[in-house]
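Chains: A, B, C and D, in written order; residue numbering restarts at 1 for each.
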Amino acid sequence: MTTANTARLLITCADRSGIVQAVSGFLYHQGANITALDQYATEAQGGTYFMRVEFEVNQLAARRDSLSQAFADTVAGRYDMIWQLTAVSDIKKVGILVSKYDHAMLELLWRHARGLLPCEITHVVSNHEDLRDAVEGFGIPFTVIKVTKDTKAEAEAQIHEIMAGNDLLVLARYMQILSSDFVEKWPMKVINIHHSFLPAFVGADPYRQAYDKGVKLIGATAHYVTAELDQGPIIEQDVERVSHRYSVADLRELGEDVERNVLARAVRWHLEDRVIVHGNKTIVFD
Amino acid sequence: MTTANTARLLITCADRSGIVQAVSGFLYHQGANITALDQYATEAQGGTYFMRVEFEVNQLAARRDSLSQAFADTVAGRYDMIWQLTAVSDIKKVGILVSKYDHAMLELLWRHARGLLPCEITHVVSNHEDLRDAVEGFGIPFTVIKVTKDTKAEAEAQIHEIMAGNDLLVLARYMQILSSDFVEKWPMKVINIHHSFLPAFVGADPYRQAYDKGVKLIGATAHYVTAELDQGPIIEQDVERVSHRYSVADLRELGEDVERNVLARAVRWHLEDRVIVHGNKTIVFD
Amino acid sequence: MTTANTARLLITCADRSGIVQAVSGFLYHQGANITALDQYATEAQGGTYFMRVEFEVNQLAARRDSLSQAFADTVAGRYDMIWQLTAVSDIKKVGILVSKYDHAMLELLWRHARGLLPCEITHVVSNHEDLRDAVEGFGIPFTVIKVTKDTKAEAEAQIHEIMAGNDLLVLARYMQILSSDFVEKWPMKVINIHHSFLPAFVGADPYRQAYDKGVKLIGATAHYVTAELDQGPIIEQDVERVSHRYSVADLRELGEDVERNVLARAVRWHLEDRVIVHGNKTIVFD
Amino acid sequence: MTTANTARLLITCADRSGIVQAVSGFLYHQGANITALDQYATEAQGGTYFMRVEFEVNQLAARRDSLSQAFADTVAGRYDMIWQLTAVSDIKKVGILVSKYDHAMLELLWRHARGLLPCEITHVVSNHEDLRDAVEGFGIPFTVIKVTKDTKAEAEAQIHEIMAGNDLLVLARYMQILSSDFVEKWPMKVINIHHSFLPAFVGADPYRQAYDKGVKLIGATAHYVTAELDQGPIIEQDVERVSHRYSVADLRELGEDVERNVLARAVRWHLEDRVIVHGNKTIVFD
């Protein structure tokens, strides 16, 4: 349960003795009350250390800058930490990119409308008109930006401009491949849902690939987008059991249920500051 | 529930109207009682048709040959069927190949000892001495056949000879790649357990690959062995959820539980004549 | 894949030899092509036999009555069958009853809008105003019928009248207990979603009960409604893993995801004529 | 990864500010390195606080008593903690009680033999002779103590004596109900595997009950034994999907797989000091 005075620290640093003591001591002396604490270190010694602390502190809004400064000056400096302090009351802004399939996007809009996604959904951009009514029915602005081979750079520039100011972009089955130029401007700020259990079935039409291969489970993978197609850090995956009786259409229908749940979980964890990226992998404090 | 008078028909043919009527009519006129019937056709029309019928008939042992002949002469001929008639009382003979990991093999021996695998386990062959006591403790012959690059052909000849007469070979984490010469002598009669959710992580050390990739689920795949490594028809797959906290050793430990269950299910389905191979895929009537 | 010429036979009778032959022979002689066939018998002998056959026949609409009559006169009579013949092109009419929680109802409306529920949703009745906009946004009539202790009989009479002509009523978290008078007018035609893994946590506030008990999985159960509260034949169940960290509100939130999926599956199976009730249990040919 | 210098603190106390700081500060000043830390509080304020810390400290064996004393004198006293300090190198002693079903016991013996259960299995006691060979084959003493209505008190006295010195008793399908007198001598030190998803199907023959009820999932529950039958704190549960096709025997066979996995996980978590009992519920830091 979070309040207007809830904040979170996400920390990455070299693993050394005394980090918990230093962080918790700092918070104690600031009058903060720790409500959740997770940590993980890659190895017993010489590894990398990760920490997520959620805490309550009176008058967070007024004291936030001084709290950050004090943490930087004392603990973070001493341990050479990569860190961020977030206030739960800072509502993150999220933009969505979509094409024609609506299931993944609708799941996000629906959960958001029910208060289950702590964010503001600012805008939906699509390369097709199809989903305008569905999006505008939720009171969310919808813009079509067509993409052709020739206009791709220009289209991406438009998307970048329209999405400026967002904290996260979600590709809810956006069927265009974003250029590495674009992706590099949004580092670990673009989440994609891939309709297979990666690394199986990278690339186009994974349900057809799954059908041809005769797999007995199909899945979906939510991952951060990097310049390398379908290779970014995996946040969440899930599968469902299928049989020889499933046609490609059946696989797609069942798979869409998996996709929307996996994407919704990944986005939520990101919004709750539960995900730390380390190399090409994620630490998810769920 | 099967008895000494239980038999099964497994049928593959071009999909046409009237097959169920023809097969069930044949059985009815033979005085047989159908106890289970499954069918599947790849498409509504023009596809391939698959059927599994389990039935009871008095004095099966005495009448079996004439039953087969009659079926061949009437239904099978008319529909140009690929088919087999098996009597449940014909206990299938199974040989196991293993290296040093014992978990997959022990699960088979243990289930067999408890009456849960309808077969005779005739022999375990390994390229290492390690598991002799474990195997012989179950009263099953154990033979070591060492394999080196130079002796591979000879070793396989020995294995082929020692395993002659078996209906099925199970590779219960046998860490040698069988030659295509060997495999072709045992068509759809060798089941392997691969320690990943194929087609992800083909080849060596899949748990290391899974760790490096940061997947959130690990799995195992039981498949028939064909000349192409890890590409044969998949019989069964399953996964378990993991997190960033799992080391390679943890993945392996959890994965071994998945492996043994997946392999045991696949072997059992094969023994119960539930699996039909069609191209590179399986129909599993479970 | 079904067409305008697809029909289904659902059959229950005493288990005897020759039923498959009789049914498939009948269909063959009518020129029908069997596209799916499932059967089940409660015991090898002396039990009850259940069958579901899906078939294609030319000019189904024109021939339907004569087909029914012929089946009644020949096979059904001989085997003393309880049976029904349904044409897939007869779209079933479904009414929904709901209170304030929207998740289960929205899942149905949403799937229906996407073509995933083969039915017509004719009406939503609620004892509260809250969901009017949500329902009417789908173009479905919405009526409020208040229920108090004193007006219950009258309210049920109104519901019965407004829902007359429907083939199925779905209680999508309708928080009123229907009287046995009402239920008896809709035998095996009312499906309820109960927010626990029945028979655990019968009755009110099951998430609170689950929390107090400290269970490690929570579930949902879709069942036909009978006069005895929460005791009707179970159609489908599912669970999700939880931990001590889940508050009652967390259990409810996760549970709502389970509820909507379980209910959607149960309703779909009912609409596809996959469910046969036998005593207090269901046969589900899925 | 634990070493001879790994220790664990399990703590329960009233939730107050500063506990993490106090515990981690204490460990830091003792030169200990925290390798894992989990915490949970029942509510934001006024609730109960639970903590599990795993840490490494040089020369643990020599310093253990002074460490305990120092913790008691400083942190534990100040916060009025219920706590225990365990050294991973103190191998816990486990006794097993069993009747005729072998699956749950064999899973424990097998995992133990493979190094997957960190304990010493000291003795297996049964009320039947049947499993003597299976147990003695693992080199573990086996004693039969018959139980009749008249000799129950005496039998329990014998069991109590033979099991004296063990840290944990595991009822691996022991088909006798232990008296409350016995249970009170082993508070939260007896783990039972119940063959249903509790609280469904309390009491005798739960697979028969599940069959009669027509449930679509069957499960198993590992729980601490208290004086009230099948009502003790639940440690772990799991389920598997079943259908109308499962006979009582099929349910039992599949259920036994669930039972052995659920019991093995619960015992392991107990041995790794991951379970804290609070009222009638467990906190499991897994």
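Heads up, the rule we're going with is that contacts are C-beta pairs under 8 Å (C-beta built on N, C-alpha and C of every residue); 3 or more make two chains touch, one makes a residue touch a chain.
Note that the coordinates shown come from a computational prediction; the quantities given were computed from them, not determined experimentally.
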Taking mean CA positions as centres, which chain lies farthest from chain C?
D
Comparing A-D with B-D, the one with more C-beta contacts is A-D
Centroid from C-alpha atoms only, then distance chain B to chain D, rounded to Å. What do you get?
37
At least two partner chains per residue is the criterion; list those residues in chain B.
1
Residue numbers on chain C that touch chain B, as the complex places them
1, 17-18, 20-21, 24-25, 27-28, 31-39, 41, 44, 56
Provide the residue numbers of chain A that touch chain C in the complex, in ascending order.
1, 102-103, 106, 110, 114, 116, 137, 247, 253, 257, 261
Using the touch rule from the top, collect the residues of chain C that touch chain D in their complex.
40, 197-201, 213-217, 219, 233-239, 243-245, 280-284
